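In what comes next, subunit A is part of two complexes: it sits with subunit B in the first one and with subunit C in the second one.
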Partner chain A sequence: MAQAPRFTGQRIRRVEDPRFLTGRGRYLADLEPLGTLAVAFLRSPHAHARIRRLDVTPALQVSGVAAVVTGADLTEANIYCAGLGGQPYPPLAVDEVLYVGHPLVAVVARSRAQAEDAIDAVVVEYEPLPAVVDPVEALAEGAPRVFSQAESNLCFHLEHTPEGLDALFAEAACVVRGTFRHQRQTAVPMETRGILAQYEPVSSRLQVYASSQWGHGLRDGLAKALGLPQSKVQVTLPDVGGGFGAKYGVYPEDVVVAWLALKLGRPVKWVSDRLEAMVSDFHARDSIHIAEGAFAKDGTFLAIRDHMISPAGAYLLDGSAAVLETVIASLVLPGPYKVQAVGFRIDGALTNTTPLGTYRGVWGPAATWVQESLMERAASELGLDRVQMRLHNMVRKEEFPYASCTGVVYDPGSYQESLQTAMEAIDYPGFLKRQREARAQGRYLGLGIAAFVEPTSLGAWQPEPPTVPYESAVVRMEPGGEVVVQVSVNSHGQGHETTIAQLVADALSVDIGKVTVRFGDTAAAPYGGGTFGSRSITVGGGAALEAAGRLRDKILAIGAHLLEAAPEDVELRDGTVAVKGVPARSLSLAEIGRVAHWVPAKMPSGMEMGLEASSRYVPPPITFSNGCHAAEVEVDPKTGRVRIQRYVVVEDCGVMVNPTIVEGQIIGGVAQGVGAAFLEELGYGEDGQPWATTLMDYHLPSVTDVPRVECLHLETPSAVPGGMKGMGESAMVASPAALVLAVEDALSPLGVRFERMPLTPERVWQAMTATRS
Partner chain B sequence: MKPAPFQYVVPESLEEVMDILGQHGAEAKVLAGGQSLMPLLNMRLARPAVLVDINRLPGLDQIAVEDTAVEIPCLVRQRAAERSPIVAEELPLLREALRHVAHPQIRNRGTICGSIAHADPAAELALVLVALEGEVVAVGRGGERRIPANAFFRGIFTTALEADEVIRSVRIPRRRFSGQAFREFSPRAGDFALVAVAVALDVDPQGRVQTARVAVAAGSDVPARLTEVEARLQGAQAGAEAVKAAAAQAREAVQAGSDAHASEAYRRHLTEVLTEEALLAAMATTGGNVA
Partner chain C sequence: MSTEQLKTEAERPVAFTVNGQAWRGWVEVRRTLADVLREEVGLLGTHVGCEHGVCGACTVLVNGQAVRSCLMLAVQADGCEILTVEGLSESTERLHPLQESFWDHHALQCGFCTPGVLLSAYALLQENPQPTLEDIHEWLSGNVCRCTGYQNIVEAISDAASRLSAEKGGR
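Now for the complex of A and B:
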């Protein structure tokens, strides 16, 4: 960089906020081209049933209706899910419905209300079939099958027993065990999903607007499903009001709406309402870990065994939780600790429920809970201090890069330091004293610790990576000297318009007000993998930095030429190119822009006109951020209610571009962790009926449930340009474990252990009563 | 989530309301604050043919103090009642309970009478009406009737109101207690209560309980008074001992329901916990001699 960064690392106010906070954001539901038709879906009320009769003619009579389509009309459009399940995934159910919420009919009408009236008029006769909801039951002999023609419900299986694992367990001084069931959740972004598709006859192109995390992925998916060339589908993302993993990929409704737009030649729009969102957005988590840990007498963590059982729902999706949550867990189960061997077995089961997909922190909440619980349980069995025991097992500074027994390589981090920092902040010795005093008064105080690593910024993490391994940026300086950055990652709340502008402004030594960041339109943005997996600032920001660096070199070369100086003798400074040490000999960027765009004769010989550079940045396979959460809670022994008294987060995400945005991500992640630990659960009855279909039953944390979060920062730079690490998911990864363990610590006089989240007051009360009697 | 088609009418007098209800009967629904009815319409769980919007009826939005009762007409918003000096002075139990009803935004629209008409078994206001022996003033083409609270609530979302009747007001006796308290336990602030307890007491100068009202909503069909518990308290020396015994009895006596939100056992337990807390709080405000 030409001079010390002016913007990177500063708490710059988000440039997008004035628009969002004054109601000027433009979301999918705000788009209403002339003549737009609305779509509503008829969804199955049964968990599993044969469609005996389907009569849509009464729906066609309803006022305002333009079309009614069923699965049979749509057989030409198929989206397929990957994996061993390999079942065709028709966008509308054909013959059988496989879960409550499964769409089987789509109605297009002048208004959504009319479309819903028509849905009411459709006549369906269902023949209920046996359903299976629990993954363990689904894998049992003789279980009802989701697909009758399949041999079983097993849709994914992977196992690995490394050499020496059994010996480590046999020789261990202490083996601790536990069952850990992470409940089913869904992301509940504030803006629900939605899509608007419109056929443009002049260019014979399908224009799609969508509330999505990945425009190019949606474009490719729709092109494939509809048999169109990718160049004939354009996806544009308006402002997106949250995604959290639930808007990554192609959904059945997307294919139906796009197909309808082609058929009808009119704009067609669907906006999910909250009722359908609860049964049609990806569900998430819902894994069972039956885990054990082997420890030596001195507390050395030797080995882990984990049997993971996870439902896929009715279809095994590309990003199925049954695969991603478990496979990534198998790679990072040891967390920040050195372990000699990890053995695992993964069983994924098809079940008659909404398909499971991604949600912020994929793998992490359950695996961190397992990892930290094994540590806690071993510390108490061995009579060792849990903080000392953690420190003893952590990868030390001098051991980086550290090759884990699971095959992943940890880049440098601050594992011990972050734990120590968290313990200082929460005053660990003081806490132990407070806890003793409180216990003497019959009060239950607890401290939960969750030290974590977060594998972020996936690049080529496998030889043939299942995700796009790079991100792109094009940085352009206009003739007037302003800078436009086109990036392939897009924001659904993360603040890319601010952070990427900070990076580029510093790289080009211009004011941040001169930099505009654009994304979200496949016709303008370069290709990339969109926003997922805590990688925007590293991979997308890395690409922006690389491209900006190339542009800076070109600007300097032109400037040196015009100033008749050697390129190494000039520098970029406050919007000018100047000869080093001779500020009077300088040129404004506007002058350089004028020459580069208008005056070939003044350009260095052979240099291309214009001021534009691009980058496709492939990062290291995985960049690990790390940190530690510490939660202090008090449990009301009368009701089982947990109050969070203090919450400390130490985060090391390398170089911070904008600490305020980092802290926003942390606080949001802790809020969702509170939901996971105490409140949210998408339960199903045995008959396959979901019992949380509204936000009255699905309890999101509200302002009175979320504690004030004290954020502390450490900075261990990574190898990506700028030294950043991803961090968008870490707080969600660590907070459920910290909170659950805090409650167990509070109740340790009673010896309470929890096997499932969330810890509702009733479950805490039950656990206390069970151990008391 | 769009309502099924309905006809929308905005009458300007109670007589007009009664005419419309008389004509359409169960096909018509009154719309007050809409905080319960709108979700039901949007989810198509309620499909009235006619929606009778009473929000423009004149003269029904002021609380009035009469000789023997406080009258709360049907357009008094929950938030207005919560802030009313009359309620603060005359009905402190109602005021305390109102803070537990939903959130301020919802209380700004929701009416007291609407909550009573809706008859959610977990509703705080229904519980208070039962505890304070209030009555519902119903008007229909057949005239006006006053229905005591304990006869009004018949079951989940079910009341003694006839299809052609509208609640004009609720009336709550002006009856000063020496102490009262409201306690509830809900999953989050503003949620419906898993268990709610309303108590009101008179304690004599010797510290003996003269009268006790103990009403509980615990997931059963209707909020109810626990008369056995009240009887046991009557004459007892106010204090921790009597309270403990009464709370333990409440646990047994309460009609507790079981659903996705809480089991019957937990609700019984919460009933004991909250009854104890509420009774102690009520006694603490009596100024009497609490042992």
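Now for the complex of A and C:
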């Protein structure tokens, strides 16, 4: 047995921070091999138009220009991107542009400024075509089509009506309904996307650096697009300045830049500017839920029906929100509650807008809003207390593992406890009193509650999983006793260099300073699914723990052999292998390392040399974390402005490796939830012109918008080695619902219900005015 | 006149001091201070998050004032004294109290906004060594951080202010 953990569970300062604090982090834009050429893209100003004439010759005359590429050039070279299910689409528009921001020409020049000069010189004549933006309109008879050859704009459809669903609704004492439109957003990592590619003649491979969440995926995608063997593409990830889902996948710009590097034999680099990021990064969310909930007289939640409609944009991408957000929602719509049946219908529509992809909390913000709103509305209709009604419907401790009617299985959690803890922290009875008093003075105070589950750490969640179902780790002890851990997950802010080192240091009973965690290079890191879906610490950390455990066994076996003791009589202790109870009889790890690497004669017979172990860890199909958010707000009736007075989060993510980092994820997630609930919206005019293309019109939460978040923790260990659960998305999943419901609660004397986010002061004020008149 | 000639003529000699060291060179007049600091001076710690003056990632100090280096032309910095994140501390081992406090309070995640936030905070503490939480909120409203939700940044700045004034008081 190893010692009690010294590092796991501790609030350790992050190992990676000194370089970031001193300006020594190295992000994609900071890399500039000798002779690097810069790329700029010409993007469509129209939502839908035929390209009548495209003349790039003037661009070729601009000083410094090395090449100009059009969609036709790529078609001729047979270069395509892969959408959902591998469906090919051209990286640069051919014949027609399909959305504002659609790239149609790439220019390569000595400097980015020259490339942009050349972009200005390209001559394009567009013939505007009718555009369609709204998904409901896109699916209507006679709507303009995004692809004129297609029969309709319907690009995805799935529906399911379980047996007994209609009967549950027919017999229900109370049926509540609502329309819930989650606006279009985008993740906006502060570092924009970027890629640098160069052909390495010595090893005859394409070396790619990219700001990405998944090096192996980018490698595989580029190899496929360019027709290269995977072994001939190497992807290296430098420091990544945030991702939040927007950097998971292969973008058209990636394919174009990599192809140009091969064609030109020079390093080629593209760094997105913020204006193009707003129209070319995956857009996200954007779904309409037309939902109803059936409840019995005593408040028992019986069934849900939900019709989800989503505008996928011009292409249906692999991680399209139109599919992922809605399909996952259909599985987890009941949240922490027991429901007997969930019926759903999903319609995805092609539209003349930027394609949808992923953003932190895929499925969650909309689904949690639906689930908690149905609960609130039913409580008020049935005249029941909303907290009691939630408790009544939650899965209880003794009911785990709980098989939901949707087919997913919830592992143990603390659903009722987290709600109770949150209500104690926010002082629910005290709040009700404050609210009554405030109302008497004409003030609007509200409390929003969002109890949530977060499906994390996806393993083999389907027989043929669409995502890599495992992560890997290789743990190696060098002859000198230092430990190097190679993992397949990578960090874009999450702190893997620290948390995974904490786990491994404890598993091997060494000081954390002896452990180095490495990731992000496909030539060195083992294969895996990268960082997405709140799974790095569980699946990546689980793999690291398994590998470290195997290495520990080997170290103990060698130590026991050298100490002439039975393996069960020795233990790892502070960097030594010692005979239990006889600390004097011990060997340093450096000595074990020396023997394992240099002295075959002293090794146990038949044992392989070296100190290295690996693991490919497949976790349970889904590990659910859970918790509850409670937000107290006050609405100013004169301006519609909402002030968040208090914000409480109760989180149960199993065993916490580093509570400070867990809280960092929670607080950051709540801030993004504030953005969703009150500020951020990527709107489009009917003509398909985007309203928000700068950070001046896309309002990210600033320090003055966010509340102070009070974090409380419960701990229900999972079945993963170490007992952790994922949690990187939970705060994003629960906070919009908590905030919107808080505003509705504040305005309940007026009976205001919101059908769409964000709740800008204008929308709140208008809703209040409408009900007053 | 060809574009080529126009550009050559559009270059001007520029000299400034960065982190105490003199720098001089010819700079295209259209280039921003951020670009010149990164690409000519080679100080990559100054980050560019929007290039339109909203995010504050590019914040540096010019003659003691916090400035968005994406909105300032390099030629405008001629004769100025500039401080970038690289000038805050001598090495990764000897951090400035602000940096130390950011580290202690987990005031950064991806680190991309961090140099700009540190420089803004540095300017605040120069101007107002004992800021209230409100002062910090107001001052920082021009720096966007997408990761942290700001709470730990505010605490770190507040704590650094106390550390710095304790240091001063002790002297």
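One rule holds for everything that comes next: the second predicted complex is superposed on the first by the 759 of 773 C-alpha atoms of A that agree within 3 Å, B and C clash if a C-alpha of one lies under 4 Å from a C-alpha of the other, contacts with A are read in each partner's own complex, and residues count from 1 in each chain.
Note that a contact is a pair of C-beta atoms (placed from the backbone, for glycine too) under 8 Å apart; a residue touches a chain by one contact, two chains touch by 3 or more.
Only a predicted model underlies this, so the values are computations on that prediction, with no experimental measurement involved.
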Query raised in the report: Is A:273 in contact with subunit B, with subunit C, with both, or with neither (first, second, both, neither)?
Result: both
Requested in this report: Answer with first, second, both or neither: which of subunit B and subunit C does A:10 touch in the superposed model?
Outcome: neither
Report task. Would you sort A:614 into first (subunit B), second (subunit C), both or neither based on which partner it touches? Result -> neither
Query raised in the report: Is A:679 touching the first partner subunit B, the second partner subunit C, both, or neither of them?
Result: first
Query raised in the report: If you stack the two complexes on chain A, which partner ends up touching A:638: first (subunit B), second (subunit C), both, or neither?
Result: first
Report task. Look at A:239 in the shared chain and tell me whether it touches subunit B only, subunit C only, both, or neither; answer first, second, both or neither. Result -> second
Requested in this report: Report for A:708: first if it touches subunit B alone, second if subunit C alone, otherwise both or neither.
Outcome: second
Requested in this report: Give one of first, second, both or neither to describe whether A:117 is in contact with subunit B, with subunit C, with both, or with none.
Outcome: both
Query - Which partner reaches more residues of subunit A (counting touched residues only), subunit B or subunit C - result: C
Query raised in the report: So, A:588: does it touch subunit B (first), subunit C (second), both, or neither?
Result: neither
Query raised in the report: Same subunit A residues contacting subunit B and subunit C, which ones?
Result: 113, 117, 273-275, 694, 696, 701-702, 704
Query - Interface residues, subunit A side, partner subunit C - complex - result: 13-14, 16-27, 29-30, 32, 62-63, 113, 117, 187-192, 239-242, 244, 273-275, 492-495, 660-661, 663-664, 667-672, 694-696, 700-704, 706, 708-709
Query raised in the report: Of all residues in subunit A, which touch subunit B in the complex?
Result: 111-113, 116-117, 120, 273-275, 638-639, 641, 679, 683, 691-692, 694, 696-697, 699, 701-702, 704-705, 760-762, 765-766
Requested in this report: Would you pull the subunit C residues touching subunit A in the complex into a rising list?
Outcome: 2-4, 7, 28, 30-31, 38-39, 43-52, 54-55, 57, 84-86, 88-89, 91-93, 95, 99, 102-104, 106, 108-115, 118, 136-138, 140-154
Query raised in the report: Inside the complex, what are the residues of subunit B that reach subunit A?
Result: 1-5, 43-44, 185, 187-192, 260-263, 266, 269-270, 273
